[in-house]
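I have placed the structure first, in the form of structure tokens, so that the comments after it can refer back to it.
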């Protein structure tokens, strides 16, 4: 799995910034010369964590600014433009404000459990970065069960949300927590199935292995399994509580959901983690489905982590775009979409992946020929599945079009209403329907 | 065989729980008075079973300013500013309805130019108010403010025109008994022309963004449905009534201010659900633009205010004048005892009366549906509480 | 001192006994379930310890056994909680010592 | 792995596991108990890592922390507040404690005294692959039975937990009949209703 | 402008179902409070009146009595009828509720109850709406917070208009004659007559 043929000749020198792992290895070797090996592993672990924190901390501040600016452009506004050049320091000002703000706790709250979640929520938020490969050897821990680790860690976040919502002793918070839990449990299933497709097809559970498979076969997974990619994207945005699936903190319904009672920096921590999770999910979507740090040989010239960040940015923009455009779905619709649409679709592609994998491995089909054919077949199958779903699963009120008619000279009550409705002419406006 | 007392008691409790419902406790959730979705200080007390609304009860009065009492101690002209503050999103329509009622009491003839200006501003106000209503409705459906801000842009332009005409944007205090307070400024008509030229494209943009949005359909279609019979019986009016298919519009049925001379149509819906209300409002904006086009083209010259003595005292009597405000049938009922101030000043608030059927519309839906329904009725709390 | 098999076994035994005590003594049905879960985990810990300190063929089969136990535990919790819910609905209590219908 | 790091990991994880488990015994609130259970489970997952069983460790976190604890919390939320009391013990808790202590002494004695013949070979690598292969080759029958069991549990749990109004009416009628048949004292005469009272502040 | 429905025609419809329940004075239809619900239901259901839409419902305090004002609208026939009913009991004014006829009367009657203190018998949920429970008095009554020395609500004259700056005589609003079915106010008839003479 460690085919590093594509890496250039300067590999291994500490100044080769294409692979920052060299730096770390250098330090490790230096410590190993004089110190015990446990110290080396602890120090490298701490360095990795610091590296990640050092990257995502400032990135988060910039991301707040980017998101606000982009959303503002969607909404024909300027966005933040007062603090600092182009409003760049606005997130800093916000953070300062949040830190200085009084932190309230409801009197009837369960104190211990109320104070813990803003801290605990950071643990999965940070841990999950550990398995993200920034380059061929640039990940803090390249686990051979990386995919499983990713799912396990993201699953624990639910518990923290539940603690926050329950301990607040607030109905909005409890509703938010219950919705968040119900939704994460449901959407974990299509997420697992979508990743299972990749695991089955590439034959590895290591995340870096999946990227390297894409590199070897010269194909990105979104072309092979587009529906799985879309399902993963939607399931991830549901797990992230972003519109159109932000029901667990639906502003117009339950105020702010599970963090309604958190003020000041406690709210700030939730907010930061949410944003960080958005970023990491974008990164994982880029890794799994868009080839991660690899881009058809460009990774030889450009540092791999720059490629990954560029792809992450593209996915992140897509997330902002959906958020800025779409209204929110209802709880039951969201659950129905998960169980009736995403789960069958992803399950179908797990089976497809099984069959195709068998054809490739057992029947020994030539990958250069077989993969394009499979890609075309899978894309067609995805389109067919989507169209079938749109036809079959549409709820009854949506099957009739909504019509607007002009009353003309018929002004009045029920009799006039009947006259208008009975007219044969085309309605002024007709939208929706089958 | 004899059971223990514990068992018997537990069984008694079980029987009660089974026969009274499903044994789970209903949760009472307060939406408001401070809540992101309630468009003002309005409190909806919702009893929920899971996510399903079992009962919805509104608690209002947080913005009650006792205008009807205050108006009894102000002269007829002094009362006009109160009407701004009744429905602060449609101040022009409220001005107009009150002035019509007072003119009926005083027997004043309004000059034609004043009537045309009144129609112009009432329709501009409808455009602004519907922009706000539809924008916040989409927000209640969970959009992240994008349609709202787009529609706010149009509303801003209308408010700019208000400002250049009467100096105020929200509480305009523009209409007077017998006409309007000021003549149109020179720069208004070019601005209005530009507005009329730009609006069709903007509306096309909104329609492209919203009309075929599947999520919006899923959220608003078949939600908050009310039948035309029930709507009439509940005294609903305005877009809420027209969305059920009842073509009732006071501008057509009982024309005032010369509405009979303009060509426009009354859009009606079919299902009476939230989406139809939204569509009716979208279509009404287009009709308002049609009226505005004709008003600009046929604006007569002449005085803008009738010659009226300063200390006009109406004869003892009463009057009830209604207009089609953006929210529905807005009426003012005035009783005069011959004094300088109205003896009784009553406003028929469409926002309040449109809420008559809120409970019926929300029960059985989810919490999210109740909020969408409330948003589609388009209430203004100032008008509910007065 | 080298940490060996015995450490894990003692730890597992301790955990098992705590779980056993919870399962035996708690009045609340969910509490009893928690105790049972702890007992199962103690067994898992012991098995994994044997896997690490045993020969290669033992190593694999014990881990497979643990996977089975986890799967069965998940099923057990789901059914157990559903049972608790039904008992609550029909008896208005989930105290194990008051659910005595089978005794008549 | 060096001795110091290993010792540090083992003892802290053991303390976390046993501490969490002990807190379940003493915590008065069921929700707190579940959260202590989560802590204990995380400790066990860590112990699996010290035993080089990373696949089992990740599965432990995935299933116990991500699923089972959440399921328990859900079940607790579906019962009213009065049923979230974890402090009550049944009447025979004392004898149970004696039994448990005897079991503990016995197991520990066995654990320490027996010669297990422990060897410390290199840990399995690629456990996930190995476990997967042995599941579908060597243990295919148990694997299938496990699948059937999970399906049955799924169906059974849903069938148990869902409730029809009609069923409720029938059930109420049958209970009423049972009550009517019963010849014991009228429940109205019972002075002190033994149902637990709601001690917590209501929301 | 609004097309008014002929009050006499309405009176005939009402009297056909409940004889003597309505009378017309000065072009205004007056209804007997006792048979109010039946009268208005007859007006709603009759083919020729078709007053299906309760446009407005409010009360006026005429100091000696309360006057309930109903504005009923027919949508298909497009006419508006103003109907009135009088309540003479100031201590405990009560009137049958129209909620059984018009669902839309629900909130409007609550408003009138809140601000005038008129009880609507048969209203399913008659509580104060704008003001809190236990608010002293009913603000839209003319005697609300009445000061000693005949200082009362209302505007005596225009500002800066000195010559007519006098308080209106109580009861200067023209009083309608009583319906024969109305309960005759005791001891206040003289005031009614006096005011009629004045106008």
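By letter and in written order, the chains are A, B, C, D and E; residue numbering begins at 1 in each of them.
One rule holds in what follows: contacts are C-beta pairs under 8 Å (C-beta built on N, C-alpha and C of every residue); 3 or more make two chains touch, one makes a residue touch a chain.
These numbers were taken from a predicted model, which means no experiment stands behind them.
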Inset, instruction - Using the touch definition from the top, list the chains contacting both subunit B and subunit E. - result: A
Inset, instruction - Farthest from subunit D by Cα centre, which chain is it? Let me know. - result: E
Legend entry - Label of the chain whose CA centroid is most distant from the centroid of subunit B: C
Legend entry - Pair of chains whose C-beta contact count is the highest in the structure: C-D
Legend entry - Mean-CA-position distance for subunit C and subunit A (Å): 35
Inset, instruction - Calculate how many whole Å lie between the centre of subunit A and the centre of subunit D, each centre taken as the average of the chain's C-alpha atoms. - result: 32
Legend entry - Chain centre separation (subunit C, subunit E; CA means) in Å: 75
Legend entry - Rounded Å distance between subunit C and subunit D, as computed from the means of their C-alpha atoms: 6
Inset, instruction - Give me the residues of subunit A that touch two or more other chains. - result: 171, 411-414, 416
Legend entry - For subunit C, residues that touch 2 or more chains besides their own: 89-90, 92-93, 98
Legend entry - Contacts with two or more other chains, residues of subunit B listed in rising order: 1, 3, 6, 10-11, 13-14, 23, 232, 246, 248, 253
Inset, instruction - Would you mind writing out the residues of subunit D in touch with subunit A in their complex? - result: 1-2, 4-5, 29, 31-32, 35, 38, 54-55, 58-59, 61-62, 65-67, 69-70, 73-74, 77, 125-128, 201, 203
Legend entry - subunit A residues touching subunit B - in the complex, by the definition given at the top: 71, 74-77, 171-172, 175, 243-244, 246-247, 250-255, 323-333, 395-398, 400, 402-408, 410-414, 416-417, 420-421, 428-429, 431-432
Inset, instruction - Could you please specify the touching residues of subunit C with respect to subunit D in the complex? - result: 1-22, 24-28, 30-31, 33-35, 37-38, 41, 44-45, 48-56, 59-61, 63-64, 66-68, 70-79, 81-86, 88-90, 92-98
Inset, instruction - Quick one: which bits of subunit A touch subunit E in the complex? Just the residue numbers, please. - result: 411-416
Inset, instruction - Spell out the residues on subunit D that touch subunit C in their complex, using ranges where they run on. - result: 3, 6-7, 10, 14, 17-18, 21-22, 24-25, 30, 33-34, 37, 40-41, 44, 47-48, 51-53, 55-56, 59-60, 63-64, 67-68, 71-72, 74-76, 78-79, 83, 85-86, 88-93, 96-97, 99-101, 103-104, 107-108, 111-112, 116, 118-121, 123-124, 127, 130-131, 134-135, 138-139, 142, 146, 149-150, 152-154, 156-158, 160-161, 163, 171, 194-196
